[in-house]
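Worksheet for the structure shown next.
Should a chain be cited, it is by its letter among A, B and C, assigned in written order, with residues numbered from 1 in that chain.
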Amino acid sequence: MNVTATMQTLQAENTAFLREVREIMPEFDPVRLGQVMHDQICELYPICRSITGNGVRETLRLMQQWIPLEIQEVASGTPVFDWVVPLEWNIRDAFVKSEKGQRVIDFQKSNLHVVNYSVPFRGKMRLEELKTHLFTLPDRPDSIPYRTSYYSESWGFCLSHRDFLRLADEEYEVCIDSSLEPGHLTYGEYILPGTSSEEVIVSTHVCHPSLCNDNLSGIIVATQWARLLRKIQARRFTYRFLFIPGTIGSITWLALNESSVIPRIRHGLVLTGVGDSGCLTYKKSRRGDAVVDRVLSHLLGQRGLKGKVLDFSPYGYDERQFCSPGFNLPMGRLSRSVHGTFPEYHTSGDNLAFVRPDSLEETLRLCLMVFRVLEGNRVMVNLSPKCEPQLGRRGLYRAIGGQSDAGAIEMAMLWVLNLADGTRSLLDIAERANLPFLTIETAAQALERHHLLEEKSFAVRA
Amino acid sequence: MNVTATMQTLQAENTAFLREVREIMPEFDPVRLGQVMHDQICELYPICRSITGNGVRETLRLMQQWIPLEIQEVASGTPVFDWVVPLEWNIRDAFVKSEKGQRVIDFQKSNLHVVNYSVPFRGKMRLEELKTHLFTLPDRPDSIPYRTSYYSESWGFCLSHRDFLRLADEEYEVCIDSSLEPGHLTYGEYILPGTSSEEVIVSTHVCHPSLCNDNLSGIIVATQWARLLRKIQARRFTYRFLFIPGTIGSITWLALNESSVIPRIRHGLVLTGVGDSGCLTYKKSRRGDAVVDRVLSHLLGQRGLKGKVLDFSPYGYDERQFCSPGFNLPMGRLSRSVHGTFPEYHTSGDNLAFVRPDSLEETLRLCLMVFRVLEGNRVMVNLSPKCEPQLGRRGLYRAIGGQSDAGAIEMAMLWVLNLADGTRSLLDIAERANLPFLTIETAAQALERHHLLEEKSFAVRA
Amino acid sequence: MNVTATMQTLQAENTAFLREVREIMPEFDPVRLGQVMHDQICELYPICRSITGNGVRETLRLMQQWIPLEIQEVASGTPVFDWVVPLEWNIRDAFVKSEKGQRVIDFQKSNLHVVNYSVPFRGKMRLEELKTHLFTLPDRPDSIPYRTSYYSESWGFCLSHRDFLRLADEEYEVCIDSSLEPGHLTYGEYILPGTSSEEVIVSTHVCHPSLCNDNLSGIIVATQWARLLRKIQARRFTYRFLFIPGTIGSITWLALNESSVIPRIRHGLVLTGVGDSGCLTYKKSRRGDAVVDRVLSHLLGQRGLKGKVLDFSPYGYDERQFCSPGFNLPMGRLSRSVHGTFPEYHTSGDNLAFVRPDSLEETLRLCLMVFRVLEGNRVMVNLSPKCEPQLGRRGLYRAIGGQSDAGAIEMAMLWVLNLADGTRSLLDIAERANLPFLTIETAAQALERHHLLEEKSFAVRA
């Protein structure tokens, strides 16, 4: 099935969902947006990123074309909880040259060839010795693995197993023209203020070099999400988008924002690996019953979207830090295929063909729905709680009785009236009624217009 | 399978259950009672009932042959919460006459032919115009639909689709000889006092014209239940049977009894559609864990009765009002086939053949068991809680040890002794032990006679 | 499959488990221990035990070869809750002799031939009269049933149905040379003190005559468990092993120790029927969520051991008394095949061939693991709860990043760090992580050595 055919199928399945998104953003054009996001990934793909250095800086600067993010620099040596911001790593060139002078491994061809954070090295050695510095994947002989050595000083090269087997037993010239020096850790931050100072955090890691799903897809979906949210005037929450190096970046950000921002966080999402063809997958926060957990479970359980929901575990991406017991933030992770479960993971196979415009777009649509539910999830009170109010004379109920079914909106109104006793949010009601949130909200708005329902509060427990 | 054969099968399945009912009512004769109830339905079938008017009055007066219920009248215009008691509707005749003077639609043949609550009308019109007042069921071409127009002033006729297709394109004389005038809403109430003023409410709607399952079955099973309860001397609860028009009737009753009766309600049941051949179905109260919910779930889960238990939803019959959030009464609904799920629903197919003596009788038996459990559900305390008491020397345990099984009553005694710590009712114990309530109660009574167990309280949380 | 082959299979399945046991007891030799336990059962098999008398005394004295248990005597007539310690029963001989002088039923051949606690009797009678005193199993015609008459004064004989059918219609001489006189109830107790006075109780009944699984298996596994625990220096809990007559023995022990010992009991296990080839079966305490319930559920759910977990019911062995509502002790029961569910139960078929060395040994291993988890189940606190601590620089994490899987111990460390917030025990963490307790404990110990984790408390709610 080609991409166009698949998209048609997907869009048929997603019609209801798409209609809902268009209600909040009429100009939403999925086909165009999917292609735009893929183009942006192409633009960022060649850059050699790492947890520090010019690769991240360049990436963030290119992103400033699309959203006006602020670039932050934190000096090497800054203590951040149990860690220290490391020396800044930069690399210009790296190769292994045969006796004939041929670059048999060449950083210029793919930045994955160098173990990320390799210390500078120059020397000559026989294959025997060189081998202790080489990483391959015998099971995936055509792929270059992605390896890092952030916190132990060493150097190495990664190459396809097929190329490895071709290496002759001879002396090689090895060069890693890198530097590891005091500098900075760089990250980007983009804040969209809302009427409330309570925050929703969206975080993606930006430290992976030429890998597309992990995590250019997360970077770009977050970027487009931010762009679209800018166009919506009425935002209750403040939205903060973080583009940070994995692990040390989130630790650094948490350390610097511990007392200022963290107490205001109400919901959050880590976005990673959101562009492949696998189904949408949400991993719950450590709490397991945070509102964001329930919103994603609700949306992924509704018609038109297929998705899985996983329990929290302490392995994965930056949710490890956000959900460490000292913070225990209400943040889950949105992905498609789960890291480590597909063969392209952390190899050169995670390339431009591995991420798809339609997958990127579907993820983005889900993000918009998450926004929609978080913003609309109010606690309501039925102002006419003794018996049902007479909906018919208000034009809210069919005139001729006796048929067997109430319409979807009628049912939703009955659910809202029955459950809106000031203890339940609209999400609670949608879950109990097993109806889409937007149907429940539409019903609630109709009842509100007729003064049968009143908002009690917006803020619900995180 | 004919009715007799089916009843034999049913009775074989229900032997254990039947034996239990006979323990509390030795003269209980299922075959006779089933037939009696069906005969009573036949008697009430032809009357044209509505939410007000002489149809309900005549129905209640006929029922006074069987139980001495009181007939209440509430004047049109009385405000009841968000509603107002409507004008009283009565109808004498209605027809559509062809140019040849033939009644092509005739109220005298079936009261379903007129949209219930049609305003008076006389006139002549061509088919084209008439059609906008006609209701049919194209999918069930031989059935007349049942339609109402209580709260919007209009008129209409219902007819089979087959008859509709036969209507020639000519001018018709239309007559609806009805009246819609200030009068009363009428309902019946029958109270059986108990030693306690705490109440059990049984409610059925009485507003449907010539429809049998919906709800002559509910009316008659409630009537017979009341008759049988009168014969039982020792009743702890006060039982109140309500025969009320749907929706506006329950709203009116709730409005009039809000401060007097409602605080005393401990359990309740709405009875509707209890005479068809479908399996017994209980729909839980809004609370979901009310004692009545647990009693019905227990009984429908026991051997000999097959039944389904459904969660609450805010659509259906008068449980919509009793379980509105301002009341949230512990009342569920007992039905057989669920409204709207069978093709005869709200059509002329819901006739005398659709309700069956054996189904009516099985429902009645279940009602008696509900009574039995509600009355017997006491909280007990083991007076010898440290180790087991020596049952053997009291003749409560087999003399020769070593066999592998304890008898059912021995097991029930062990369960009661083990769990009767003053926090659990006999129903709690029956649920935990997965034994029938009556087995647990029999064991408890044996232990009580030997002063090993004592009643702590009767009243349990509703 | 012969015993050796089965053991090989079992040991293959149990390799992981065996390795864990050897970590705490390097000299553990399953094959030898299984045989030793079977030999000990052979030694105790011929003795005619009952709830009182010399049979229990002799059994306990023989057991003193293996563990230095104390023998306690409680006088007949002592009131114990609702019961009284009965007269002491002893028997020297019993037979039924034919007219030709042949012993057609002979106590000397099997002590099961006499109904346990038969009163003394001598007399002559025809078969007709004798039959009212004979017990057989028509469905198991070759087996002698085991019957008792502790609390109603009577006498009787048990025999195979085949032998019963051979009895001629003649006069028989009947002799039961027993005595039922004031004396004592005898039980054994063995206490292994720990650093804490909080106790773990292990109880087995010792009143069954020549039956092997029920309960020489329980007696011998408890004995070996005690022997092995003596060799372990560091015990936090005090372990108390009870060898008591069924029902009256536990009632007596509870009555005598109510104020002294019972408040100190934290965990307990009744051991019965633990030597047959059926799978391990744990029956939960009345509480259902006691730590011992969770420990056994955890261990029986782990790889290498197959087992079932049953909910509490008030029928069975001495858990009936320990879990009576006045005590409600956190004690479950460990068995293999459940009493009453196998044909050999309470018959002469429960013989030396019915219990197997490998089954005894597997049970013992599980007991050692229970000890291990109870002792090691501490509540820990992560000392670095804000973000993950840097495991890499402590040598606790792999140096080269980018692979897809964390190792088992790395995962366990992440789980411990994430969940050790002072509210969860290591067992809680093992359950949540779905990892074996020892893996979690190993991870916790590694983190403790690096001062990343600290013990908050040992004592956890029972």
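As a convention for this text, contacts are C-beta pairs under 8 Å (C-beta built on N, C-alpha and C of every residue); 3 or more make two chains touch, one makes a residue touch a chain.
Given the structure is predicted, the values throughout are model-derived calculations rather than measurements.
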Field: Cα-superposition angle relating the copies chain B and chain A, to nearest 5°
entry: 120
Field: Interface residue overlap between copies chain A and chain C, same or different (over half shared)
entry: different
Field: Rounded Å distance between chain A and chain C, as computed from the means of their C-alpha atoms
entry: 54
- prompt: Hey, what residues on chain C touch two or more of the other chains?
  reply: none
- prompt: Any idea which chain C residues touch chain A in the complex?
  reply: 382, 384-390, 392-393, 399-406, 411, 414-415, 417-421, 433
- prompt: Which chain B residues qualify as touching chain A in the complex?
  reply: 80-83, 115-116, 135, 145-152, 154, 156, 247, 250-251, 254-255, 258, 286, 313-315, 320-321, 323-327, 339-341, 345-346
